[in-house]
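Heads up, there are several structures right after this.
The same chain A turns up in both complexes below, where it pairs with chain B and then with chain C.
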Partner chain A sequence: MKKKLLDVKDLHVRFSTSRGQLHAVRGIHFSIYEGETVGIVGESGCGKSAAVKALTRLNPRYTTHLEGEVLYEGNNLLNYSEAQMRGVRGKEISMIFQDPMTSLNPTMTIGNQILEGYAQHFPSTPKAKARLTVLEMLRKVGIPFPEERFNAYPHTLSGGMRQRVMIALALACEPKILLADEPTTALDVTIQAQILDLLKFIQKETGTSILLITHDMSVIANVCDRVLVMYAGKIIESASVETLFSHPQHPYTQRLLAAIPRLDQPKDQPLLSIEGAPPNLIHSLKGCSFCPRCREAMTICKQEDPPTFEVKENHLSACLKHDARCIR
Partner chain B sequence: MTSPFIAIKNLTKTYTVGKKVITAIDDLSLTIDKAQTLGLVGESGCGKTTTGRCLLRLEKATSGEIYYEKKPLFQFNPQELFSFRREAQIIFQDPYSSLNPRMTAGDIIAEPLRIHKILEEKQISSYIAQLVTKVGLSPSALKRFPHEFSGGQRQRIGIARALALKPQFIVCDEPISALDVPIQAQIINLLKDLQKELGLTYLFITHNLAMVRYISDRIAVMYLGHLVELCNAEELYLNPVHPYTQALLSAIPQIMPIKKSSQAAPLVHKEPLATEQIVTGCPFANRCPHAMARCHTERPKLKVISEGHQVACHLEGDKTLFQSALSQKF
Partner chain C sequence: MTKNNFLFEPIEKEQAQNQEETSYSSVTYWQDVWHKLKQNKLALICLIILSILFAMAIIGPFISGYTYYQTQLSLKNTPPNATFWFGTDELGRDLFTRCWWGARISFFVGIAASTIDLIIGVLFGAIAALAGGKTEEWMMRFADILYAIPYLLVVILLMVVIGSGIFTIILALTITGWINMARIVRSQVLQIKQQDFITAATALGASKKRILLQHLIPNAMGAILVTLTLTIPSAIFAEAFLSFLGLGVQAPIASLGTMANDGLAALRYYPWRLFFPAVLISLTMLSFNALGDGLRDVLDPRLKT
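Now for the complex of A and B:
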């Protein structure tokens, strides 16, 4: 059995807004094991970014209310002080953001940016040695001529190269967990393929666990070991990649998979969309959150919040159709 | 054969930035038939949006001509241009920034009708109520402001606005890129239904090769301002000829692995050149796995290789060379 690195228990994220409290993440449970890649997939606004940012407490501090437990090596990160958190971010748990254009500092050379984070966590390392580590990192993520590029500013690099710099920055201190928030969404498809290959390579090389957020099911299929499907702030299904794609259980997952354009199917078949839109999380929800868009909805779905059922070993689905009362 | 609805002839568009001249479109020629959809695909910066904007005369081309129903677009006088604006519309990529936040959905959709004075003020409200129902919104939505809608609903407002003047031709500039997958499918299905019902002609610009297949009759692939391949939509997926098209297709992450055909393309490793760096030769040569000496010195011309299938690649002219390049790879 692999070692459990991160254990999230009943995590809630609430944002204070002018229109009331927005309950973005409504009680999620999951764990990350050593050396695995976990994917979180869902539509925009389903709470996937809010949940992942909560793991390193990067949500806006004064308007976010976090509740639950994020256990990293037995300690609850939600109880850490800001100073303690700074020791975790970058060193233990690192993050790559969606937009490599805005997440790098435009006034610093890329080498110095990576060096800055490294010096924060290893203050006693001599500067020349730190510089070598940074160059090694740049080489590892596939940046040609690292010595020259060390002194380059972000605006002189292409989107794909900047995302490589972000990855180097995130991995410089050899974190145990890498959180990747839509790392390829802003990139072209050929560059996306390169970055996904790089993530796979890094994983093999360093054994870092990766938590990958995306809205793209096909990215999940190519990179992840395990998948969590989120809808309206909850994890509604979780399983290994093979199981999820071959035997999806939750009606939302089934419909999500059917909506993906496939190259191996005739093109005159209409695409299967999901009618309607996800619920507004400012309002409190009664019953199953997917119920208004679900074709299989029963009367009970409007009244009861579905608990999570273990359909098979390691395959969880939160749908009342698995309830003993509903199975005929 | 009847003459095409829209014909682009040797279209070139350059921008001058400081002392640099950037060629966004380089000698592009293609045609669009009536009531058909031409998909225009390529990576960011390849000139696909500029092509769309030139087609609507939102940009003036540096050279070349566009014929709209046989009439030269760039020579239209103001009256002709005004009536052309009625017939050709655009749907923008970003449903967040392309709607005026201070206007209600109703006013946004009614504005083109008021400008072109098509309907009496009294008739407008019933007409737009009918229109929004057609795009799948309820008439009560007309009183609301853009920020009250979701991304998919906003895109429907953009579509209703484009349809208000009963146009014949619509440029869809990445209309689905900002949306979630199930919502993308909704919008594609809506656009297809509207085309069938109203006989619309679309230029569908996107970087999403998997989605464009569902709506296009023909697909044009652009790379750094050049048209590299143009063919029937099915043909492109079954028999991609240009190495760039092959690379694009193989880079699409698939849920179920597609059957690896003998022509499965190797992944492209490098990044595209900056447009000002291409002086001679094939623009794709630096990333192409089959590049020969000739590719760096001589620009390949667009050749017809089978009916309705055009490719700009030196390898295609020489079948044996192409086969040997492939066999070396595998």
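Now for the complex of A and C:
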């Protein structure tokens, strides 16, 4: 049995906005085990980013309210002081971002940026040795001529190269978990494939666990071991990749998978979509959040918040159709 | 037909790889700024004028062989000639020496005051913006209150309490002078701290101090520099203005302002006594302002193409 690295229990994220409190993440449970890749998928605004940022408490300080437990090796990160959190960020749990164009400081050379992050966590390492580590890291993420690129400024690099630098930056201190917030969304498709291959390669090399946010099902199929499907701030289905793609249980997941355009689909056939829009999370919800858009909705769906059912081993789905009272 | 056949042979693998090896040199930000500033002729000329003025402020007082306090009553109010290049004043002191001595005082006051403004303003503004929330609110309201006190009143009060002199002037200029810098830096930092690389730095474990010094301030450097080049001339002018009102440095030390004040009374008969200090003040002010303007064109990211 693999070691459990991160255990999230009943995590809530609330934002104070001018129109009231926005309940972005409404109680999610999940775990990350050593060396696995977990994907979080869902449409825009379903709370993916808010949930993942909450793991290392990166949400805006004054307007965010966190509740629940984020257990990292048995300690609740939500109770950590800001100074303790700094020791976790980058060294234990690291993160890469969506837009490599803006995630690097334009006034620092890429080498110094990686060096800086490294020196932060290993202040006693001599500079020459730290520099070698950085060069090794740049080589590992596939930057050609790392010696010369060490002194390059971010604006002289392409988007794909910058994302590689970001990955080097995030992995320089050998974190146990890498949070990747849509790392390929801003890149074009060929570069996407390269970056995903790089992530897979890095994981094989270092054994880092990866939590990957995306709204691209093909990315999930490509790299993940396990998938969490989020909708309106909740995890509505979780399963291994094979199971999820072959036997999706929740109506939302089923519709999401059906919406993937196929190459062999006739041209005149319209693309499938899920009608309607996700609920506004400023209002409190009654019943199942997907109910208004669901084709299989039942009367009970409007009244009862669906609990999570274990459909099979390691396959959870939060839909009332799995309830024993349901006769279908 | 067979002549050029070798051209159509498949390329060697090694050669193909070599093509990837492009020559690679990185231009730093400041090299880029310098390159663009050179295109701006006016700013460049102003930079040269400033360098000359600056050099003369250092070596000028020693050229003529007279000191700024040496009086020769028999030679009072001599018009400019071969011995006294700028003429003499009503006590027969060499105006050339006195002018450059005055320029030295003016530069010293200007640079000292704006350096203090720079340090206090940048740290205050950046810390306020980074802290956010209540802290920011209190810090900025404190700055507003200071800003509301009439500046001349502060100066005169200080003169009364600690007496006039160079350091009183510097203190008087900095007591309220840093607020402008603090406001500009705050507004810049508020923008920069929203950017992804700040979140990224936080996500990788950077401390607030490091974010402030390594990420926020370097990125606000453009605005800081432009403000600085506009603060120096306003400090120089404020010094000249205060000295002109008689609130500045005391005789026999000269500053450009006191000399202009002395010269004003004798404008009818000995116009050179006002002319030379006034020209130096104007040249300094003009050069700094034009240079600041040129720098703004180069450094403002919104004007970048």
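Points to keep in mind about this one:
We take it that the second predicted complex is superposed on the first by the 321 of 328 C-alpha atoms of A that agree within 3 Å, B and C clash if a C-alpha of one lies under 4 Å from a C-alpha of the other, contacts with A are read in each partner's own complex, and residues count from 1 in each chain.
Throughout what follows, contacts are C-beta pairs under 8 Å (C-beta built on N, C-alpha and C of every residue); 3 or more make two chains touch, one makes a residue touch a chain.
Values in this document were obtained by computation on a predicted structure and should not be read as measured data.
After superposition on chain A, the partners chain B and chain C are seen to fit next to each other with no clash. Contact with chain C, but none with chain B, is seen for A:Arg89 once the two complexes are overlaid on the shared chain. In the superposition on chain A, contact of A:Pro306 is made with neither chain B nor chain C. When both complexes are overlaid on chain A, the residue A:Thr109 reaches chain C alone and has no touch with chain B.
Legend: residue contacts after superposition of the two complexes on their common chain; A:Ser273 is shown touching chain B, with no touch to chain C.
In the superposition on chain A, A:Arg255 makes contact with chain B only, not with chain C. Geometry note, superposition on chain A: angle between chain B and chain C about the Cα centre of chain A is 80 degrees, to the nearest 10. For the pair chain B and chain C, the least inter-chain C-alpha distance in the overlaid model is 5 Å.
Of all the residues in chain A, the ones that touch chain C in their complex are 56, 58, 61-62, 86-91, 94-95, 97-99, 102-109, 116-117, 120-121, 144-145, 148-149, 151-153, 156, 166, 169-170, 173, 179. Residues of chain C that touch chain A in their complex: 20-21, 24, 26-29, 132-133, 195-197, 199-207, 210, 214-215, 218-219, 221.
If you check the complex, the residues on chain B that touch chain A are 43-44, 150-153, 180-186, 188-189, 192, 207-211, 213-214, 233-234, 237, 247-256, 258-259, 267-269, 271. Listed in rising order, the residues of chain A touching chain B in the complex are 43-44, 158-161, 188-194, 196-197, 215-219, 221-222, 245, 255-257, 259-264, 267, 270-275, 277.
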